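Shared between the two complexes below is subunit A, which pairs with subunit B and subunit C, respectively.
What follows is the complex of A and B.
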């Protein structure tokens, strides 16, 4: 152990008790003997899919197990002490003092009833590191360093009075305030828009460099972790897959799994020529929610050709989901008309014909709330068959089987409940439910953004294949430009309720760009080192989060 | 399911089943007739009269068994009425929204602003006190609370994507309420049912104690307390038996309801 080593983890084993629905509770291992070391001032990236044990390992450096998770073996040395053998009193001094934590959702982690400053200085004061006045001074310094607006005053605001990106930076300030030795960042930018993510990422990176703190950076996005880390450890199912410098992992991955992660988002899709007779034509749509006095959509016009994909891209609040609600009839537009398959759609849902409803299906972002938890896969997929085509009994069951085959899931799933499926499988069942109606158009609302990258890739490939076979058109709502590149034929970029750029994929993706499209395109993390600095240096426009 | 039942729930289940069985089998297990005067006033317990006799010499055990039958029967039917009206109207208000929701909710607020016991006393003093009237009045008054609960639960579920998916499919209100919302609202409602049942037991007992419930010579637990209340002055504990019965039934049913709630709380099915 060299004098510079801050963290040394040896054979870390972590277990938990599970409660399966039809069996007795039993213990399982979720981390199987992981080793790593971290020097002062260095950043270690932990990367893996959900369930890989990243967060669990991160929290173990504070000798903490979340919700029933127990550390069952191994050693965690921080500053020359094995904290797993320390008394609770010493561990308490460590947590929030020597080792601090930045969680994924700042909005859920801040106490909404207390001012930001009170929360930022709390740990420093409680641990006796600084006096209240000194801690506040340091907090203001950190606010400034993290690029927050009005660093002198922002501490007087309540958490809901700042934006998501700003709050995430406040939490970073909170973690850095007591001058910790180690900060654990647990997916700090995952919940943010791409254009905001990049600012937060840069702020975190600079703050780490300036304060000389060591950090563990946890994320599922390899491109992001490559920007901030010195070393990267790839995890899968609680086991180490590969451990090396960031450069080696990105440029010369050794393991198959790492290679797959590096080459994720590399689906290529030949763009089709738009046909003169679109399946969906939105003309000058303006819409607002009842009880508000501003338009969420201004004069939106887009076309979508049969069997093709139109990607609607934008940040949260740009109006892309509202456009979907207008097309489905959930929100009647105040002006404008929608033509679908050659006929004009009624503006509101109740006055649409069953045929209109059948031919226009929707897939949601969160597959687990898009399916009734009390219905089996068979019922979920079978209901549209029954409802639109009057299928019953054996005929219906056979068609369900076919659909399950189409989404690459076996017949064994027919009697399962959604809770018994993985995230990717749930989304597949939702796709099958949409397909069951034999639609002409499927609206896909952020269908891959809640999924791990490899799983998301699988879903995109499936959607592309289905499009070839069924000739169905997709209106693909997303904030992720990598997804757009993979799947779109034409693109509409939305910003503050307006379509700012619209055309075929090649038109939209080639220069000259308008400022917003440029910002959006450049903000998508790329799988190369030094990308972050490059982008920040070349930016023309501030992101909306500031 | 039975194997993993916790101790408390098992005890609760045992007493609940015991009371219900006694209620159903009353005419066969009761040693004497319900209004039959068999002995002296307030005889102590003996081999002939296990719990002794009441204020006019009827066998107290027989009165207790028949009383339980009446009390449990009325509470069950009233709970049923309260749940069917309350939950259907509550779901309807949540799903339809708009003026339907406003009218129903404000009407329920109005009813709830009047204390139920006072309301029941007023209604029962102008109407004939018969079992159907009692059951209807109790069920109706109590359905306001079920309405509130089911409306709140359904409003939560109503905004979930799977309900929206059903609406986009073109499903009617019946499907949305009974197939999408009801199965997911069941566990809080079942747990509430246990609680409401107990309130019904207390309610009918209170009414009988005040003389506006079950009319003599029929027995019910509240009535038995009333008939034997004077005995307490002379150190005779006959009035305590129905009190104990009410208490044990209340605790038992609640233990069972807690267990059901625990088992089925999560929306994701099973325990999670």
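What follows is the complex of A and C.
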């Protein structure tokens, strides 16, 4: 072990006890013997899909197991000490002192009842690294370094008083405040909008460089990790797939799985010509929520041709989901008109006919909360068949099987419960439920955002195939431009409740761009080393999330 | 206007409105009750003329609405009417009783609330280990046994058999010095503490355990804090609202629900006063007691609401 080695992990094994509904509790292995080393001041990227064990490994460097997770074997050496064999008191001194942690959701990880400053300096003071006054001074310096507005005062605010991007930077300040040797970043930018993501990413990268701290950077997005890491380890199902320098992994991946991750989202989709008779026509929609005094949508007009896909793109708060609520009738617009399949839709849900409801279906971001956990897949898909078509018995069962075939899941799933399905399978069941109504239009609200890249790819391919066969139109709401490129025929870019750019995919995606679309397009991480610095240098406009 | 002040004003006016409705209910209830006040004062042998005279004198022939407002007007000026049986002013005779009840409630609360919260914290700290199970077991047992039984058991052992404390509060004098008074109420306070401890302790435990699932508790753990600091600094401030609600319900019980304990220990409080006058059908006293109890209940719940509002940082510090 060279003197520069900070972290040395050998044969790390991590397990957990699971409690399946139909079997006795038993132990499973999550991580099956992983080795890595990290030198001082270097950054190691851990990458993999959910279930790969990357967060679990990251937390193991603090001798911590989340929930029922237990470290069952191996060695974790930090600064020449095997922390798995240390006493609890020494482990406590390590946590928050030598090794600190930045979580995915700063919004949930800050205590809502305490001021930001109290939480940022707490560990430093607790471990006797600094006096309270010195720690506060250091926190303010870090706030400034991380580009937070009003660095002298932001510490006096409560977590709910700052934006998500700012809170993520505060969390980074919290982690850096006690001058740790190692920071574990666990998906620190995943919950942020793309335009905010690059600012935070840049802030983190500079802070790592300036403080000379070592870091473990965990993410599912290879393009992101490529921007900050020196080395990258690819994980799958708790096992190391490939481990090398960032340059080697990105430019010359050896394993098939890594190659798949590098080339993910390469779906080609030829755009179709818009038809003169759209299936959905929104005219000058303006809407606001009751009890508020500002419009969430301003004068939104978009068309969607039968059998085509209109992608509505924008950051959180841009009004894209509100547009879906207006179209479905959940939020009647204050002005404007919605034409659907040649007729004018009633503004509110109760006055719409059953036929209107049937022809307009929805798929949601969170498939698991969009299904009743106590109903089987068969019941879930069968419900629209009964409700809209009065199907019963054998006929219904046959149709359910057809639908399951269409979503590439066998008839064996008919009696399963949602809890027994994977994330991708759950979303497929939701798609089948929407299809069961034989709709003309399906509104897809961020349907792939909660899924791993490879799984999301599968869902997008399925949706495109179904569109070909069923001639169904999609209104596809997303913040992810890669998804838009893969699936859209036309695109509406939304910003602060307005459509700032609208047209066919080729029109919207080709220059000259307006400033906002330019910002949005340039913010999508590219699988290329040095991309981050390039983008920051060429920016024209600040993102709204700051 | 800041949202906190608006919310508080809203709660307080709602509380007053509720109290008004309760006063209507109490008045209507006593009117609906069978029996005639004049008859019960004069007895079965009264002549019809005497009854009619008394009714006129007392205004019993006036329409109920008019009588209600006359009563309410008196109440608002601090005049709760006069007792039918003793002829004394209710406000002044009830005043000393209420003071005694509040005295008992105060000491019971002063011991039981901090103790319950401390035991709750302790139960979370040693969750599912023996201290947690012991605390839960003992408090659950004490809440399950009827309070009068606990009272008699405690009285028998501590008061009679070992003669450690006064078995009853029969010698309680409001003008005695504080130590003499405390000695008198030691046993009732002990029993009341045992009765209300369990609720508050279990709610504290449940509310904190609920918060312990939050991501910010993990953050605190990863800062290397000790378990007790995590619970005290990070979990407890976020579970105050539900705890205060249960605390207030129990404080209300200390004032309103202690009838049994007061009777068992012969303590001259509101409960005994009410029971005495119910048995004598002294309607004005029953009405007055009902109103005071309602006011205490609504008032304490109002305090709980206000505390919940004030402990919510989103309301206290708007964006």
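The definition used in the following text is that the second predicted complex is superposed on the first by the 546 of 546 C-alpha atoms of A that agree within 3 Å, B and C clash if a C-alpha of one lies under 4 Å from a C-alpha of the other, contacts with A are read in each partner's own complex, and residues count from 1 in each chain.
Here is the rule we go by: contacts are C-beta pairs under 8 Å (C-beta built on N, C-alpha and C of every residue); 3 or more make two chains touch, one makes a residue touch a chain.
Since the structure is predicted, the reported quantities are computational estimates derived from the model, not experimental observations.
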item: First (subunit B), second (subunit C), both or neither touched by A:411; value: neither
item: Which of subunit B and subunit C A:18 touches, first, second, both or neither; value: neither
item: Contacts of A:387 with subunit B and subunit C, given as first, second, both or neither; value: first
item: Which superposed partner A:260 touches (first subunit B, second subunit C, both, neither); value: neither
item: Which superposed partner A:96 touches (first subunit B, second subunit C, both, neither); value: second
item: Subunit B versus subunit C as contact partner of A:370, first or second or both or neither; value: first
item: First (subunit B), second (subunit C), both or neither touched by A:252; value: neither
item: Subunit B/subunit C common contact set on subunit A; value: none
item: Subunit C-touching residues of subunit A, taken from the complex the two chains share; value: 59, 62, 64, 66, 91-97, 100-101, 103, 105, 108-114, 119, 122-123, 126-127, 157-158, 160-161, 174
item: Touching residues (chain side subunit B, partner subunit A) in the complex; value: 4, 160-162, 164-165, 167-171, 179-180, 183-184, 267-272
item: Residue numbers on subunit A that touch subunit B, as the complex places them; value: 19, 21-22, 24, 328-330, 349, 352, 354, 357-358, 361-362, 364, 366, 368-375, 383-384, 387, 417-419, 433, 437
item: Subunit A-facing residues of subunit C, complex; value: 214-216, 218-226, 229, 233-234, 237-238, 311, 313-314, 317, 319
